[in-house]
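You will see two complexes here that share subunit A, one where it goes with subunit B and one where it goes with subunit C.
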Partner chain A sequence: MNIFWREMKAQRKSLIIWCVGMVFLLIAGMSKYATLSVPGESQTLNELMADMPKSLQAIFGVGSLDLSTVSGYYGVLFLYIAMMATIHAGMLGATIIAKEERDKTAEFLLVKPITRSMMLTSKLAAALVGVVILNGVTSIGSLMAVQSYSNGENVNQDIMLLMGGLFILQLLFMLLGSAVASLLKLPKRAAGLTSGLLLLTFFISVVIDISGNLDALKFLTPFKYFDAKTVLEAGSLSMGYMLLSLALMVLALVGTYVGYNKRDLKV
Partner chain B sequence: MNMYKHELSAYRKSLFGWISALVGISILMMSMFPTFSKDAGAFVALLSNMPDAVLAAMGIHMETITSVLGFYGYIFVYILLGGAIQAMLLGTTILSKEVRDKTADFLLTKPVTRQAIVSSKLLAALTSLAVTNIIYMAAACLITALVSESAFSLKLLILATLPLFFVQLIFFATGLLVSVIWPKMRTVLPVSLGVVFAFFLIGALGATTGDDKLRLLTPFKYFDTSYIVEHSSYESLYLFITIAWVILATALSYIIYMKRDVHAV
Partner chain C sequence: MSIIELQQLTKTYGSARGIKNLSFRVEEGEIFGFIGPNGAGKSTTIRTLLGLIYPTSGSAKIFGKDILLHGQEIKKEIGYLPSEVFYYDNMKVKDLLHYSASFYKKDCTKRMNELAALLELDVNKKIDDLSLGNKKKVGIVQGLLHEPRLIILDEPTSGLDPLMQQRFFELLLEENKKGSTILFSSHILSEVQRLCHRVAIIKEGELVSLEKMSTLKANNYKRFKLEASTAVEESSFAIEGVTELVIRDKEVSFMYKGNLNAILRVIASIEIANLWIEEPDLEEIFMHYYEKEA
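Now for the complex of A and B:
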């Protein structure tokens, strides 16, 4: 329990900064909607978008989301929200484990009468709480920001659905980060490798968008698992991708525990 | 000179990683140009019926949308993103890593002045960035020539690619300043990624709605490819801001680093 509280305290400041940044993104993003949603103009814009070839839509970053409804606009924003939240989660997962070796405190911590698994559990629990808090702030912020522009449109359910998808993405990247930190003997590189992985999958999703005919590659990038457009159209998260994420998470979790327990620590 | 060489060799591996990433992204994206130009050709007829206000709001330029340089402008945003992360990381680590890795007292007790330390580190970083740009530039010219079916102006392509260097300088100087102002920074990665992505998001939000005020805020929008293609020059205001900021941030970093307490082991 001590380790848990210690980690909570250690991440407090950065978590606050992330939350403020997220709220800022939401407010700035949604306030743009006000300028877009001028009646008449948004209609033309929408018609224009509907006729646009897929590759062009991707370049303007809208996909075939309906820009004249507030939930459609929020869908555009969702990609950026997901990017921010997963960066936070991935780095948190990687550093929370790797930092002991990096800061040369591993010796101190591991001579205490706890097993490595107990240490990992406390640390992952602390990271989980951080991720949940950021997700909560994002959800509440989204609900409030979108509500104020909704004009009576009922958007709460759509947003909660997207937030559910976001939470799965966050967990996935958090565990991938911890697995990278545990399995590889590169404590200094763990956060870098995790964010490299994240950027790589982000670029893959951009490429899938632009090319328009690479849908088969979607399973490679978590950013496509809960694509705002498909989620909003279907009204639910895709079962197949949920199972895939779950499998990846279990794999990463097992990797974390097994890898860290077996490894020689750098002291 | 020793420090310069040491820094260069310390960054060699990551430098090649970044260069191959940037070149890889551009190959991947430019290879989609043939499909894109087919799609876009049919779409142009439709676009020409649209009111000018809508086109302006969307940032669509009729002259460039189907050309290879126009397409290059769209994908260049992602190259800038990658380049900015590289430069910002370089800026935040190059001075602060000595303290973090507990090598500061070793380095600072050597018979060299702090100016000399900062200068050789800066020079090494500049060399890295320059190498990145030269290799990327060559690759970009080659790829564009390969995917383009019609002739295009090489000079314009070079002009459109050069902003990578400018944007990298901006982020490098910013990173340097952040690292000396905030010496207790434990990990540079979250800070660097956070700053770069924040500016990227501001730019992306501004782009979907075509807002000019936001442009001043984000270096990603200082060098607009369609403007460069049209006028074959840069907008002097933004060029000026870039130069001024880079000089200011670097000078401040020097001054602060000279006076700062460096935490020893």
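Now for the complex of A and C:
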């Protein structure tokens, strides 16, 4: 428990900053909707977007979402929210494991009467709490920000659905980060590598959107697992991708524990 | 009972660094010196014993328990001071000490305060703001606060001023008197000489020698220096046991190991003006081990 609380304390400041950033993104993002949702204007926006080249649409994450509805607009914003939350989760997962070696405190911590697995469990638990808090703040922030523009449109359920998908993505990247930190003996580069991996999958998802005929590759990028457009249309998260996410998480978790227990620590 | 027992312990890295077939025992109640130059494998050995890195082959036991199978249990009674002290930034000294103490299932507050007072360590400062010597003190206190049965020290005195070094050595002797076994790794021989009962000399990952401090110091080597009245023939000193013979004009110096009567007979046959017979310090003995091999 002492390691858990130490990690909670260590991440407190940065978590607050991430939360503030997220709230800012929500407020700034949704306030744009206010100017766009003036009657008459919103249709023009849809037309404007439709006139844009497909690649540009893909980068903006617009696709075929209806920007004139608040849930459609939020769906576009969701891409950026997911990006931010997963970067937080990935870096947190990687750093929380790697920092003991990076800061050379492993020689302090791991000569205490604990096993390496005990350390991992405490740290992952602390990271999980961080991820849950950011997800909670994002959920509440989204509900409040969207509500004020909803004009009676019932969006709460859509938002909670997307937040569920977001949580799975966060967990996935958190564990991916911890696996990178545990499997590789590169404590200084673990967070960087995880972010790189994240950007790569993000890039793949953009490429899939641009090309329009690479749907078969969707399994390669978690950003496509719970795509706002598909989720909002279906009204549920895809069971297949949930199972795939779960399998990847289990894999990353096993990689984290086995990798960290087997290798020499960098001291 | 042996507190530490190494059996053919080997750790190889990709490069040449590492240790090869290291075997020795540290007995209960001993202060055991572990000496060798930088890069000889001292830290590698210690880190393997502590389970930070894993042996390539061979095994080791601490308190009679295998280090790989019972690491967690063993570490309850080990206090370790690493050679370089890095601690969490932004933490006050007392926060770190309490964090360290929280891993042991006993109340360490009293001992912690005693140690901090003894070493004149200000526990309200941030670790970041401390000098190297003061950081070292934090390391000492966190290593000793749970009154461990085995204390492992890796180059513990760097950064400490002579007064603190003295106090630290007294502290170690006191802990030893209370029953703690100490493994003391160092490349500074005089400190090993002052404290240790036995020493293992390690070179390029291999054990060169393992001797009682008393044997190492008293029985083996003497340094001879003499001034003759007339020129000296080098051949006069061509007897067994003479090494490092240097003859400069009428001045002769050498190391000698063996029957003292034999060498005194040689000296008696020369007309001498002055004679010094000195106890070599460990440094000289140590250098001797290294030069012999080179």
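Definition applied: the second predicted complex is superposed on the first by the 250 of 267 C-alpha atoms of A that agree within 3 Å, B and C clash if a C-alpha of one lies under 4 Å from a C-alpha of the other, contacts with A are read in each partner's own complex, and residues count from 1 in each chain.
Here is the rule we use: a contact is a pair of C-beta atoms (placed from the backbone, for glycine too) under 8 Å apart; a residue touches a chain by one contact, two chains touch by 3 or more.
Not measured: the values here are computed from a predicted model.
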TODO: Would you check which partner chain A:T121 touches, where first means subunit B only, second means subunit C only, and both and neither mean what they say?
DONE: neither
Next on the checklist: According to the stated criteria, A:S150 is in contact with first (subunit B), second (subunit C), both, or neither; which is it?
Outcome noted: neither
| request: Would you sort A:D103 into first (subunit B), second (subunit C), both or neither based on which partner it touches? | output: both
Once chain A of both complexes is superposed, is A:L265 in touch with subunit B (first), subunit C (second), both, or neither? second
### Message
Applying the document's definition of touch, where does A:G29 land relative to subunit B and subunit C: first, second, both, or neither?
### Response
first
Does the superposition put A:K112 against subunit B (first), subunit C (second), both, or neither? second
Partner touching more residues of subunit A, subunit B vs subunit C, is chain B
The intersection of the subunit A residues contacting subunit B with those contacting subunit C is 103
Residue positions on subunit B within touch of subunit A in the complex are 25, 28-29, 32, 35-36, 39-40, 42-43, 46-47, 50-51, 53-54, 57-59, 74, 78, 82, 85, 186-187, 189-190, 193-194, 197-198, 201-202, 204-205, 207-209, 211
Listed in rising order, the residues of subunit C that touch subunit A in the complex are 47, 50-54, 71-73, 75-76, 78, 80, 82, 84, 86-89, 99-100, 102-104, 142
Touching subunit C in the complex, subunit A uses residues 2, 6, 10, 103-108, 110-115, 118, 264-265, 267
Subunit A contacts subunit B in the complex at 14, 17-18, 21, 25, 28-29, 32, 35-36, 41, 44-45, 48, 51-56, 59-62, 76, 80, 83-84, 87-88, 91, 95, 99, 103, 191-192, 195, 199, 203, 206-207, 210-213
